[in-house]
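When the chains are written out, they are named A, B and C in that same order, and each has its own residue count from 1.
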Amino acid sequence: MLKRELNERITRTDAGTPMGEVFRRYWIPALLSEELPEPNCPPIRVRLLGEDLVAFRDSNGQVGLLDAYCPHRGAHLFWGRNEECGLRCVYHGWKFDVTGQCVDMPNEPPESNFKHKVKTVAYPCWEAGGMVWTYMGSADAQPPHPDYEWLRAPETHRFVSKTFEDCNYLQALEGGIDTSHSSFAHNNNLQDKKALRSRATAPKLEVHKRDHGFTYVGIRDLGQDGVYVRAYQFVMPAQQMRGYMTNWSTGEPEEHPSVNGHIWVPVDDEHCVVYNWMYSADPDHPLPRDYCIEHETLFGRGPSNSLPGYRLIRNKSNDYLIDREVQRTKTFTGIKGINTQDFALQETMRPIVDRSKERLGAADAAIIVARQLLLEATNDVEAGKSPRGVHPESHREVRGCDQILPRGVAWQEGLSNEMLARF
Amino acid sequence: MLKRELNERITRTDAGTPMGEVFRRYWIPALLSEELPEPNCPPIRVRLLGEDLVAFRDSNGQVGLLDAYCPHRGAHLFWGRNEECGLRCVYHGWKFDVTGQCVDMPNEPPESNFKHKVKTVAYPCWEAGGMVWTYMGSADAQPPHPDYEWLRAPETHRFVSKTFEDCNYLQALEGGIDTSHSSFAHNNNLQDKKALRSRATAPKLEVHKRDHGFTYVGIRDLGQDGVYVRAYQFVMPAQQMRGYMTNWSTGEPEEHPSVNGHIWVPVDDEHCVVYNWMYSADPDHPLPRDYCIEHETLFGRGPSNSLPGYRLIRNKSNDYLIDREVQRTKTFTGIKGINTQDFALQETMRPIVDRSKERLGAADAAIIVARQLLLEATNDVEAGKSPRGVHPESHREVRGCDQILPRGVAWQEGLSNEMLARF
Amino acid sequence: MLKRELNERITRTDAGTPMGEVFRRYWIPALLSEELPEPNCPPIRVRLLGEDLVAFRDSNGQVGLLDAYCPHRGAHLFWGRNEECGLRCVYHGWKFDVTGQCVDMPNEPPESNFKHKVKTVAYPCWEAGGMVWTYMGSADAQPPHPDYEWLRAPETHRFVSKTFEDCNYLQALEGGIDTSHSSFAHNNNLQDKKALRSRATAPKLEVHKRDHGFTYVGIRDLGQDGVYVRAYQFVMPAQQMRGYMTNWSTGEPEEHPSVNGHIWVPVDDEHCVVYNWMYSADPDHPLPRDYCIEHETLFGRGPSNSLPGYRLIRNKSNDYLIDREVQRTKTFTGIKGINTQDFALQETMRPIVDRSKERLGAADAAIIVARQLLLEATNDVEAGKSPRGVHPESHREVRGCDQILPRGVAWQEGLSNEMLARF
């Protein structure tokens, strides 16, 4: 439960808002690299933290991220011509490089000095892990690039994707870091009472704050079979990491053990983009492309489930194609695709959920701490301090994992090896 | 004409508004029984007086009407599983019975007492006349169930339907209780100068306030043929009753004499649902289903004229398929369907009509009194008094009728028998 | 660059706003004559300066322009029956003539005097140049009809059309009076380096204020070939005139030399209609209809490019069907149609462009002066004075033209003959 004022504080991310200023202290994903497939390709529209931007990849392969509106008279640079090392506005031919500097102004007299004085808003871009990252804050507070393990894994071992979501980032994030809903919303086999997720629906939760955010662990008691432990990471400001080493249904080891995660990035207050990543847990074991596509499909994402703009075919306008008969007999929700199930829940809570009416329980411990850290960060930034998790050293060694441990073994001990980074 | 402040007062119905509090003192229809066809069927969304709700029929056949958003973290209960005597949220499995009590909370530890403390908003439901009625006000002011004659008529003698309308409830209601527009908007045979509606376009109106609301009578002088009298009832807060005993065109008795009516229920300030009902005027004469369907079609409603969600195929987005050639030569509006004609007029006055600019005449007497009673009710409720028409005794004997009377016979006398309830 | 308050002042045109009151001092086009093709034809909806109106052509051919909402109870007169010299509301049969006077009220008693007291809002209409003009201001300030040369040209020599545009009128107007963008946005042949528009992309601009608004001249230096001079007129409050005598690509005389122009009329603050007109520059030379249609097509307008409601097939919802390969190799924008190019730019600057962030250069001189005159007019009207360009004498002799002049010849001299009205 959050008072109305705190709910506003934690959910709004336009420039000048407390949480908007927090997001502007971190490197965040702006787009997938695949959206700008080659030098001089057409520019694309990007909306980020309530700002309208245009991204382009210049002749050198460098990505630029500019204010969408030409500083001259406000024409949209989406229409622009991506020319030799710069994006040229098609209204009057003004051309800008990736730093935002105007480098040509052909409708002004050749002797004019005006172009040197014009520089548009441009955010620094950095490409890593199949994504273009940007930093939208003040230059003096700019931190070094992030150093998540999945960014260090080679491309053969990694897969990334994204999905556009029609709600505020926070309820999406909260759904992502919530462990107990998996036993319900994602129970896709009602008959299988032996599935791990069905055998213990009220996991015991532990949460430990750390420099990158927090580690939290969901512990499911399987009786004589031991305990099923899922260890997650919440990385500030809006990333989750989890293990995918043990099959959630059978308890057997996964054929392609991996670490998975999401980053939630606010588009504006009522929309966000979820970046999905996974990488092989084991450096000796690349991730087959086929397996990755299959995984995407299982989650209801990927080419076969998507509309242009990374939107889902199963969406709010068609009630996510819920099948009530399937819901009655086969799956808990009647909705196909694990993330589609999440979207159905998150997008219909209203654009921004009203947290003043919540009744939180023990199962919500991770969510409660995430809110604490986000609000702590708004206070830190207002006080001129660096918020938690900005420094790359804090994320270097962070990894999620899951495993069945024998009864009586503390997870810290049982998982100590699995939780170490290997890239 | 209403001053802007009074127009606001009489049209807004969210919780806490003066008219919203009035509506929350009466039993009002929330849905048709057919929308929840059997026990444990899928839940449906209901929006009422600006509140988002979910209705479900439990294993015992009892209908529950709950706040749409799960009190835990705000997931929409529309996705819910309708299980043994309760609706289970698919996010974390919390289950609620028709009283709103949480009866299961499987993601919390078994020893937890938390579920007993959680009760969501639930409005009492009562099923009668093919509709589910609800009461959304405070428990201490809850009146006994309504007792309209049509609720007492057996199912063989009654037909009910509903239509979704894209405007404020009041302009829909005002269109419904307006008698003189029938001679114009509903003149579907321009050539027939002998039709009753065409022979006297300026009916004399009488209005008499009563405990249930008011009785009003439209009197059309047919010269030597007598006077055509239509006696209507306005029942607080938003119901009209009228007779359908005499054919409006020919003056002959109807083959299936009936009493008809509408109830207008605010969905929110810019949308409403019109519930349509009719029942045989004569206990010895059931209403054939075929006739009812034919009647629906004549009014532009019913399966052949509707889209999902009880919306009309002929609607604002397609200009109600107006045919200007038909309008020029055959019907007054060129629009097919009596209620479609009403909708075309009511939905395009703007979402809430600006009553500060009206010029009302003698023909608007019933509308003027309806507004008086509604505003009187806002004052009564604010003063802690019971508003008019809440008590079922006031509606027991109320019925509408229409008949051609000889000249010189007072309608009170001529209709005294026809206006008595027979069920 | 305009401060935020001045941007509001100059862009908002509802009744009571400073610029809205300016527009209400001029005769402005309300519709094309073709929209009401014959006496007693169906009425149409018109939205103008934020007001909802209905236009109809009565039995005498006279056009009426009435408040859309019947003064009785607010029904929309679009549904009305266009009968003998009046428009009849289909709700209760009230009938209004073109002056707004209620001339029949058949639902009130015959003896009633009420109809004589009811008069609805009606704006005077005047038909000329294939358009219906209206004046929406107070009667005492009503000026004589406009007297542009194109209104005096015979129908055989003139062509008019219109297009609905999805943005504030001012950014549309500013795009229209901007001369330098033609070298970029409208460069539809990237290979042709000899085209006039490509040979001098930074025209020298001269602006001279006059009674009708201002004359401005774009001068392109062609080296030894002379100077290409385009002389334009800006006529208050929102009209542009230009010559089409010299081919913009080849420098050869046009086969059908004409004078062209646009009038921008605010629909409301976020939409406008552009009226396009052209007439033969030469009284001895009618404009062939085929040529006019071809011209419309070249500009991306006309029947083959339009949806109902004078909207373009290539529009914002489909990114104007931009073809990035065409943009890369053939045309500057990759968008087909000269005005479609304008619309793509103007409609995506946001509904109302934020002028507080602009960086204007020498090429924007005409735009700067247009804003000065419009703001001057808001001050004049507030001071009770007549704004510039209201009096028809000021526009009688105004005409645009373009020509290649020998070096050293002043444009005033070189164009003195071409700039004289010939009708």
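By definition in this document, contacts are C-beta pairs under 8 Å (C-beta built on N, C-alpha and C of every residue); 3 or more make two chains touch, one makes a residue touch a chain.
Because the structure is predicted, anything quoted here is derived from the model rather than measured.
Novice: Looking only at residue numbers at the chain A/chain C interface, is the share used by both copies over half or under half? Answer same or different.
Specialist: Since fewer than half of the residue numbers are used by both chains, the interface counts as different.
Novice: Can you report the angle of the rotation that maps chain B onto chain C, using C-alpha atoms only, to the nearest 5 degrees?
Specialist: 120
Novice: Where the centres are mean C-alpha positions, what is the separation of chain A from chain C, in Å?
Specialist: Distance between chain centres: 48 Å.
Novice: Pull out every residue in chain A that's touching 2 or more other chains.
Specialist: As it turns out, chain A has no residue touching two or more other chains.
Novice: Which residues of chain A touch chain C in the complex?
Specialist: Its residues touching chain C are 42, 69, 71-76, 78-79, 81, 90-93, 105-110, 112, 114, 117-118.
Novice: Where on chain A is chain B touching in the complex?
Specialist: The touching residues are 171, 174, 180-181, 183-185, 201-202, 204, 322, 324, 327-328, 332-333, 335, 341, 344-345, 348-350, 353-355, 357-364, 367.
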